[in-house]
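First the structure, then my questions, so here it is.
Here the chain labels run A, B, C and D in written order, and each chain numbers its own residues starting at 1.
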Amino acid sequence: MMYRKYLMAAATGLCLAAAPALAEDLVIGLSMNKTGPLAANGTTNDVAVNLAVEEINAAGGINGNMLKVNIFDTAGDPKQAVTATRQFAKDDGALAIIGPFSSGECRVAFPVGEREGIVQISNASSAPGLTEGFDYAFRNTSDELTQFRRLITAMESHEILPANVAIIYATDDFISKSLGEQAFPTAFEEAGIPVVATIGFQLQAFDLAPQVTELKQANPEAVAIGGTVEAVQKVVREMRRQGVTSRVLASGVAADPHLAEKLGADGDGLLYPTYYYHKLNDEVLSFQEKFAAATTAAGHSKTIPQHADASAYDVVHILAEALRRAEVTGDPAKLEEERDAIRDQLKSMEAWNYSGILGESHFSEVGDAALPTHVVEIRDHDFHLLDTITE
Amino acid sequence: MSGYLSGVLVAYLLNLIIAYAVFLPGAGGILNLGVAGFVAIGAYASAWLSNEMEWPLAVTILLSMGVSALIGLAISFPILRTRGVYMVLATIAFGEVVVGLLINVEAIGGAAGYPVFEFIDLPVIALCTLAVVLFVVWLMSTRFGLALRAIHDDEPVAALFGVSVRGVRVAAFTIGAAIAGLGGALYGHHYAYVDVIYFTTLVSIYTLLYVLIGGVQTPWGPIVGAAVFSLLPELFRGATEWRYVFFAAVIILIMAVRPEGIITRALLLRLKRRGTIAAPTKEAAQ
Amino acid sequence: MTKPLLEIQNLSKNFSGLDVIRDVTFHVNEGERMALIGPNGAGKTTMFNLITGVYPVSQGSIRMAGEDITTASDRSRAQRGIIRTFQNIRLMPHLTAAENVMLGQTCHSHGIWSWLAPVGLQSSRSRKEADHALEVSGLLEYRDMLTYDLPYGVQKRIELARALSAKPKLILLDEPAAGLNPSETDDLAQQLLDISASGVTLLTVEHDMHFVRRLSQRVIVLNFGSLIAEGTAAEVQNDQHVLEAYLGSDRKLEEEVAT
Amino acid sequence: MDVLQQLISGLMLGSLYALLAVAFTLVIGVLNFLNFSIPGIFMMGGMISWGLMSQTNMVWWLAMAIALAACVVASLLVERFTYRFMKMRFGDATEHATPLVSSLGFLILFQGLVLIKWGPEMQYFPSPWQDPNLRIGELVIGLPQLASLILALVLVGGLSLLLARTGLGRAIRAIAESPDTAAMLGIRVNRIVPAVFIISGLLAGLAGVLFSLNYLQASPRMGDEIATLAISAMVLGGLGSVWGAVIGGLFLGLVQVMVIQFFGAEFLRAILWGLLLVIIVVRPQGVFGGSKISKGKF
């Protein structure tokens, strides 16, 4: 008896959720990690997106139509990411989708978007090769090898290249593993820097003492860490505890405006490449201010935007420009052609000379963004921009 | 059908198939917390056979069920020697070993995961789920099912009436492994990607959780249990962060009110009896 | 007519050094009605557990219809026709009365089809047999009820129906009359005599001596795991060893054990 | 020198496993109930003390005391809705899978509440001391880790004394043998069982606090990884054996460090769990346990 009631309630709930949008609005979907294991970087993405949408609508919308965003929280679950893409494509009549957030979600949701013929632009995934082979898949992030190469270029020009390095990375996580086994070794080999030790750990491991003892034995000048922000914190703290003073090189996935504060003195000398530097210029600073106001109003404890927030904000502006150029009307009868037109515009984005808070960028042939890389260094509990490299 | 509904439905149906993989041994009192390992084996086997061998889907799926069943058969003998908490831990250990090994096999992508090219959509998944439901309902109505339920209630007495306790338990575990393999294969082909991080012990724990919530006494339990697990959080979708707290509270509440699961035999018999009693009174009124 | 069906030879059992059965030898003839009595803790239920294969024996042998079954599994003993009831009723609580009875059929269900054909359907042979068995025992009304909330007496009768549906050669009855009122006990005795008349051998553990006298042709007495007397009920009741075992005094056995 | 450092690291790591393993083994040994909410209570120990210290600037010892109190309350809440509830309704609390499932529900509940309060990020746990490390030449020994090792040994020693010598201990052991017999002997089961949950919750919470002090971190999911290892440690030591859990924990810490040193972290999972699988199947009473096998229910 009870379960029948549940099923009825479930069915009505599902119908409500699937209500179509008003025809005159231009709908875009936002597939995000409001909750779930990756929510640390994802939970405020909607705030950034809404900021951009408000700006666009306040300036008169797109060809006279208002932009409307539908939000779906996938909780980082690939299955739900698929549901999100399907809902946006089939039920909501969305013209394009911002997201999915993570690499794991992109891998299952990109094929769905491809079948449905709808553009998806991920704002955070950075695993190599995600968009390859897809016509409708894009991402407004930068791949790790390019970023790390540029970090080494910056070190070279500042004459702080280490004589030898050690690599430590999480073996059970895709991005960390591709950093530790591909991006780092490739970049070091190109620069002619010998790798004296390669050590693995598990992403969830909390005790890295045995690995750091091995590291200490190798005594490298610098240590490249392949792992997330949390993994970098764990490794650095254990290194300093065991008295390993080597310089730390991190990757784009470890970029976090809070890292300097989180690491304190332990972080001195740490370098990482990023496509979003939160102190870059006035434009970025004004975005930060707006973001802080909006997150505070929404009751978030996190008020400083991270790269996923900044990227999501830029994606809205890029999409708005694409919609404008494709002259979309939001007419449901022409949905399919207009979705294709948006994709075609994104494919030829290089001609726009577009510039956002991530700097000047466009999508490459495979759908990855060609973003500038900022190399930053932590010194005295704060970030300092070492260099910005675009080519 | 709306995209949202079909997305939720696919997730529900896949959860349901895996629920039956846990239910079948569960009906005989075996708690399998390593089911994610079998799901992973099925997913990777079917993906590999279809990607590398380019065999037709029907063949790769059947073979992946076979692989999962064989491994289930082999592991069932040592695992079924254990009891209670030990069995829970042994099955957890099995699931972890599978994941720990798969993540190091570069031929199937290792930690990078493994893309699957052949696509299976909702209708096929729905048909497979229906087949699994019918199969399990039928199996539970046979003498095999009777013996399995008898083992759940009183293993020594079942043996004293001629039930081959070990045979029935091994068969239930093995068939469960095959069903888990099917669930995994469908999962991989539908989501076009398999990655060991989808097959963690947490998945096994949650599956056992909703099977127990549904009830292991009748084959209808998993249908309800999987619904509670897959659809309830959808109802609370608007509550964002709070939805898992509500979900947890509902679980605790359900278990307090119905400790043998929502669907019990007593409930079904009561409903049936009410039906048969209601019928004659209608006639009498005419 | 006096061919032995069950032969127990020098049987011993000890649990971690404690002798529970000591060198017991007896036999039960085909078609016989025999009783096994003894004070609490004498090892009667352990003897049943050894005969049915729940415990392995420590020493000695058990033969059934001439074949050595000392090391046979509990299941194969059931298939040879040794079936028992329990002192504390052990019906399957989540099975209906009919399903409990059908479970009894398992030991003579051979072949893949008897395992894979639905037994729950009203039209199946197993189900018809079970319904018939319940009808004979006057239990048809409980057919589709779960057994755990049925009255005690009804549960006892279902247990007996389950045992019979196994088509046993030898039924071991562990205190069948315990907890029954006099009229129920009377019905039970009559039913057991009928069962015996149909050729089934009975071995009964029972405290109620009236019941034992009425039912049993031969009685054996266990005390502290040893066989201390054997004979008819009347002979045993006047045996000095038995009286001492029960009383340690000269009160009559009947007064003590009947209460 | 390095091998020595590795041994030290292994022992220190193992002492944390040991504390949590004792929390598990106590509830299993006495009530035959695998309490899945323990990782949640462990997490609350770390997160609540972090929250109080960082957000209200509370002095560390007070923050930790309040966190431990919260853990005890949480543990009692679990007792109320799992063990006691079942006992009142069905007489035998472990008859059904309810305690197992409900305790999982509580794990989700505790994690959910902490997530709502503090978000999913891993938090930096401020150390109350400047350099909480003992340095002997090249060797480094974390003082909080040393403290948790000593504390684990002292607490467990005290616990086994309590179990062996006191009235409470005798009552707990009687309940472990058979709750019904214990009740017949006049032991007030409904008052002793909460005591078991109090001790277990306290140990889990303390392990959480020490974990955060050791690794200077706290996160809503910090219990997930360590709990499976603590359960393994308990299995190694033999279910229900307090000293077994301690030895199992220390042993597991050493094994983990050695596997990382000689095989690499990528094989840790397969080797560790493979080893456990073999042990459970071949020696279910545990490597260090006697021949006593648990009743094997929940």
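The definition used in the following text is that a residue touches a chain if its C-beta (ideal position, glycine included) is under 8 Å from a C-beta of that chain, and two chains touch if they have at least 3 such contacts.
Protein identities per chain, from UniProt: A = ABC transporter substrate-binding protein; B, D = Branched-chain amino acid ABC transporter permease; C = ABC transporter ATP-binding protein.
Note that the structure is predicted; figures quoted are calculated from it, not measured.
Enquirer: Indicate the lowest number of steps between chain A and chain B, counting one step per move to a touching chain.
Expert: 1
Enquirer: What's the overlap between the neighbours of chain A and those of chain C?
Expert: B
Enquirer: From the centre of chain B, which other chain's Cα mean sits the farthest off?
Expert: C
Enquirer: Which one of the chains is closest to the middle, using the mean of its C-alpha atoms?
Expert: B
Enquirer: Taking the mean of the C-alpha atoms as each chain's centre, how many Å separate chain C from chain D?
Expert: Computed value for the inter-centroid distance: 49 Å.
Enquirer: Go ahead and note the Å separation of the Cα centroids belonging to chain A and chain D.
Expert: 37
Enquirer: Mind checking the centre-to-centre distance between chain B and chain C? Centres are C-alpha means, answer in whole Å.
Expert: Measuring from centre to centre gives 40 Å for this pair.
Enquirer: Between chain B and chain D, what is the separation of their C-alpha centroids in Å?
Expert: Spacing between the chain centres: roughly 30 Å.
Enquirer: So which bits of chain C are touching at least two other chains?
Expert: none
Enquirer: What residues in chain D touch two or more of the other chains?
Expert: Residues 115, 224, 266, 268-269 of chain D touch two or more partner chains.
Enquirer: Which chain B residues touch at least two other chains?
Expert: As it turns out, chain B has residues touching two or more other chains at 103, 241, 244.
Enquirer: Following the definition at the start, I'd like every touching pair of chains, please.
Expert: A-B, A-D, B-C, B-D
Enquirer: Can you name the residues of chain A that touch chain B in the complex?
Expert: Interface residues on the chain A side: 2-3, 6-7, 9-10, 13-14, 17-18, 34-35, 73, 78-80, 82-91, 104, 107-108, 111, 115-116, 127, 171-174, 177-178.
Enquirer: Can you check the complex and tell me which residues of chain C touch chain B?
Expert: Per the stated touch rule, the residues are 52-54, 73-75, 78-79, 83-84, 86, 90, 92-96, 99, 102-104, 106-109, 114-121, 126, 144-146, 162, 166.
Enquirer: Going by the contact rule at the top, pick out the chain A residues touching chain D in the complex.
Expert: 35-40, 43, 171-172, 199-202, 204-207, 209-211, 213-214, 216-217, 230, 233-234, 237, 241-243, 262, 301-302
Enquirer: With touch defined as at the start, can you tell me which chain B residues reach chain C in the complex?
Expert: Touch list, chain B to chain C: 138, 141-144, 146-147, 149-150, 152-154, 156-165, 217, 265-266, 269, 272-273.
Enquirer: Any idea which chain D residues touch chain B in the complex?
Expert: Residues 28, 32, 34, 36, 81, 85-86, 89-90, 96-98, 100-102, 104-109, 111-113, 115-116, 224, 228, 231-232, 235, 239, 266-274, 276-277, 280-281, 284, 294-298.
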